[in-house]
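There are two complexes below, and they share chain A, which is joined by chain B in the first and by chain C in the second.
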Partner chain A sequence: MQTAEKTLDEILALAAAHFKVSRERLSPDDDFFKALGIDSLQTLDLLTKLENHFHVELPDYELQGVSDFRTLAGKIQARL
Partner chain B sequence: MLDLRQYTCLGAALRDALDRFSSEVCLIEADRDREKVRLTYSDFKEIALPLARALEDADFDPGDRAAIIMTNQSKWLISAYAIFYCGGVIVPLDYKLSAAEHLQLLAHCKAKVLVVEYYLWLAIMRSPDFHKIATKMVLVTEAPLGAELAGAFRWEDFKRKGAPDFVMRQKEDIACIVYSSGTGGRPKGCVLTHENYLEQCRSLTAWYPFWPGVRYLSILPTNHAIDFMVGFIGPFVCGACVVHLRTLRPELVRDAFLRYRITYVSLVPMIVKNLERGLRTKFAELPGWKRAFLNAMIATNKMLTRRRPRVRLSRMLLPGVHRAFGGEVLALITGGAFIEPSTMQFFYDLGIPVANGYGLTEAGTALTLNDLKPFRADTVGKPLPGVELRILSPDADGVGEVAVRSKTVMSHYLDDPELTLETIVDGWLLTGDLGRFDRSGHLQLFGRKKNMIVTEGGKNIYPEDVETVFDGLPVKEYSVFAGNYIWPKKELGRESLVLVLRLEQNQKFDSKLQEEVSRQNRRLPDFKRVGGYLIWDKDFPRTASMKIKRQILAEEIAAATDRGKVVAL
Partner chain C sequence: MIELAAKGAASNVQKFKGQALSWESKSGIIELVLHREPCNELGSLSLGELEKFAAALADLERDAHALILYSDRKSGFCAGADLRELYQRSQGMEPSEAVRGVRDFLERIHHVLNVLDAAPLTTIAAVHGVTFGGGFELALACDLIIADKMARFCFPELRLGLIPGFGGIPRLKRDLGNAVVRDLLLTGRSFNATKAQQIGLVSQVVGEGETLRAARATAVQLGKFARQTAVTAKKFIKPIPYDELRREIDLFCELFPRPAVQAGLKKFVESTDVQPYLP
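On to the complex of A and B.
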C-alpha cells in the first residue's frame, strides 16, 4: 500500500492538472474551493477523477465538510 | 391521477394511489451503475405497512412528530408514508446540516421518532451534545450488522406483522414541519397542513402533469419543499415513477437521464449552469461544418417554438442533444434560487423547456411557474391556480414587496407567534421579496427586503445563523449582513454575506487577525461562508437588551460607505 504522503502528493498533482493550475501553487492545507476556484459541483468532478485514479469508491457524504487536500487525502488513504 | 378534492389528508391520497397503481413501478434507486431498488406501488405498500404497524405498537400516536434525516432514497419515502399512515407529522431535516444543528432542531420540534441514515447517526452520536437528545425512538437505516447504535433500532428490522390501523387526518391538521432557516438564530419551523399540500399538488399537476410511465429524477434533497412535492407526492398520486441516485456526480447524473429515460427533473440553478457549461464545451469542440449545422438547427428550433414548446419537433431537429438527455425530457424544473435568464433561454432554444418558478417554504412549494405560453426567461412565471399575489407599496417602477394569499400558505411558525404575526398579516403572507408584474401578468423579481441570501444551490442563508461561528473573534464587536441588505440593488444573483468588524481602540486589522477570520470562516460549509469583510469605525447601535439594531446599522453603513469597500475573504 502506498504511503499517505504519496497519496496526498498525487491528489495535488491531479487537482492541479484537472483544473489547470500550477502544482507549486497548491499546498496540503489549502482550502481547495479557494485554491482551485471551484464550486461544490466541480469538487464532485474532482472526486470522480480521484476515484478512478486510486480505484476506490467514496460516497458523496465523505466529502461533506471537507475543504482541504490533507483531509481529503486521509479519506482516500483509509480506503486504499 | 387521483381527484385530490375528495381527500382530507395526504395519507389517504397516498393509500389510494398505492392500490390504484399497484402494478406500476413507483421507485428506482441506483448507485452509480448499480440498480439497488426497484419497487412497484404494491411492493412499496408491502414494505411500508409493517413499519407503520411497528410504529403504532411503539405508541407513535396521531399528531406525534417524526423527523427524517436522510439523503434521497427509497427508505425516505417509505418511512414518510408509514408516518402519515399512523397520522403522524413529518419533520424533514436537511441532511447537510451539522450534527449539532440536527440535535437543536430535533429538540425544537420535539420529535418523538427519528429516522436517520447510519452515517448521519454516527455523526450525531459523536456530537458533544448527544446526551441531550430527547428523541426516544431512533430508526437507523443501513447500519452494519452488530454496529453500536446507542439504543437505536435498525430500520430494516423495525417491522411488525398484522395490518396497522389507518388514521384519517383532517385538512387543517398538521402534515409537516419544515425548517426554512438554520439554528444559530431563530429556528423557523413552517407548520404546513394537509390542505396546504393537497392544494399545492393540485395546482402544480394542473400545469405539469404526471402519469404512469413518467419518470422523475429526484436530485434536490427530499427534505426540500420542491422535491417533497414533485419528487414524492405529485408523482405518487399520479402513478408515476421516482428515480433516486445515491451519488450526484455530474457524469452519473447525465448517465441516469439516458438509462432511465427521464421525463422531468428538478435542479438548482448551479446544476443547470453546469449542464449548460458541459453542452457549450461539447458544441465548441465540434468540427466547423457540424457546428454551423447545429447552430442553424438551433436557430430553426428557436423560430418554430417562439410561441410554445413543440417537443416532438425539437427532438427531430436536434436529435443528438435530446438523445444526450435520454430522449424523453419534457422539462427541467428549477427554483429555489435565482437562475440566469440566458441559461434558461439556452435550454429552451434546444427544445428543452426550463420550468422556472418562485416559491418559499412558508407557502408550500411554488407560487408562480412559467406556463411556457410563451416561455419568458426574464420572469418567474404566472401565479399558479388558486394563488393570489399582490405588490405592496409599489414604487414608481411598480416594484414592491410580494405578498401572497393562498390555501398553500402555512398555518404558522412553530412556537413563534410573534414571528407568525409579523409574517402573515390579515391573511397575506409577506414574502420579503421585491417584485412587480409585467403587462402579461408574469412576475419579475428584483431583490430582497430581508437580511438573507439564497445561494445558487438553493440554500437560504440567514446572517444570524452564520454569526455564531465567529464567536471569540478578538475584536470589539462584529455582525454579519447580506450585502444586498446594506446596499439594496434591484437584481438577484451573485448574493454574498459581509462580515462587519468593529475593532478595539488602536487595534489594527493585521495579517494575524485576517488569518483568524479566514480560519473561522472555513469552519462553515462552503455555501454558508462569508464573502468579504468591512472595517466599521463606530460602535454598533443596540437595543436595551444589547441586541444589535441591524436595520439601523445597515442604514448607517450604507450612508457612509459603498460596496467597493468590502474586502474579499
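On to the complex of A and C.
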C-alpha cells in the first residue's frame, strides 16, 4: 500500500515535470492553479496525467473546489 | 478555396484551406484538420466549412477509401459547441426566434454528421486532449476513434440545463449501450482514453502526439481490402439512428428557452472561474 506521503510527493514531481516548473518551487499546500500557472483545460491535463500514473479513475466533480496538492493527493489516495 | 491539382499521372490532390478547418485528399486518404483557436469550438464559421466539406465529400470519396479527422490545436480535438456565440446570438431575441435559430443550426450540423456517419469510406477520428460535447459527438460520427493517452471525453451539457444536441446520445447508445450514456450524460463527468478503450469507445490508445501517425498507418491498412466489401460491411454494422437523432433535436429545442439554460449559458460565458470545464 502506497503511503499518502509518497502519493503527494509523486503528484508534486509529476506536476513539476509536466508543466515545466521547478519541483523545489512547489509545496503541498500551494494552490496548484497559481503555482503551476494553469487554466481549466490544463487542469484536465493534470487530472489525466495523474489518472494514468496512479492507474485510478477520478471523477472530475470530486475535484470541484480542490485547489491544493495535499487535498488532491487525499482524493487520489482514497482510490488506490 | 478548393483546389484540384494534378500531381503525377496517378494521383490527384484536392485541397481546401479555410479559417476553421482544412482538408486534403491524396493517395486514397482524406485528411480533415480542425484548426480554429482556442479549441475548435463549433459555431457558424466551423459549421459553414463543415458543410462545404460534406458537399465536397461526394467527389472526394470517389478516389478515397479512408478519412482521418484530427485537430492541430495543442489544447485538444474539440471543446464542443461555441457557447459564446450561442449565447450572444440569442440575446435580444424573442425565445421563439432564438429556438428557430438553434433548430436551424442543429438541422444543419446533423446533416453534416449524418453524411460523415454514412460516408462510403472508413472514417477515423484521431483525438487528443479535450474531446468534449460537440467535439465528442463529431468523433462519434466516425467509424474508429484513435486516442492520444491524454485525451478526455465528456458530455458537459447537463450543467447548462441542456442535453447533447449534435447526435451524441443516439450515437453513443448505438455504439456502447444505454448504461454508458446514462453515466456520462447524468454525471457530466469526463473520462480518459484508457477508460474509453476499456468500454469499447476507442479502438487504439497511443502515446502523446502519436494519434496522426497511428491513424495514417490504420488508413493505409484499410486500403488493402476491397473497397466495396468495406462499404457493405459498414452499412450492415453501422445503422444510423435517424428517428432518435430527430427526437434529440426536438428535445434540445424544448429545453433551450428555459430560464435555467439561459442562466447556465450566461454563467459559463461570463465565468472567470479557473475551473469552468469541471462539472
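Rule of thumb we're sticking to: the second predicted complex is superposed on the first by the 80 of 80 C-alpha atoms of A that agree within 3 Å, B and C clash if a C-alpha of one lies under 4 Å from a C-alpha of the other, contacts with A are read in each partner's own complex, and residues count from 1 in each chain.
Here is the rule we go by: a residue touches a chain if its C-beta (ideal position, glycine included) is under 8 Å from a C-beta of that chain, and two chains touch if they have at least 3 such contacts.
A quick note: this is a predicted structure, and the numbers were derived from the prediction, not measured.
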A:75 touches, of chain B and chain C: first, second, both or neither? neither
Partner chain(s) touched by A:45 [first = chain B, second = chain C, both, neither]: both
Chain B versus chain C as contact partner of A:63, first or second or both or neither: second
Touched partner set for A:33, first chain B, second chain C, both or neither: both
Contact residues of chain A, present in both the chain B and the chain C interface: 33, 39-41, 44-45, 47-48, 57, 59-61, 64, 67
Touching residues on chain A, where the partner in the complex is chain C: 33, 39-41, 43-45, 47-49, 51-52, 57, 59-61, 63-64, 67
Touching residues (chain side chain C, partner chain A) in the complex: 39, 75-76, 79, 129-130, 149-152, 187-195, 273-279
In the complex, chain A residues that touch chain B: 31, 33, 39-42, 44-45, 47-48, 57, 59-61, 64-65, 67
Touching residues (chain side chain B, partner chain A) in the complex: 32, 71, 96, 98, 119-120, 246-251, 270-271, 274, 456-457, 522, 525-527
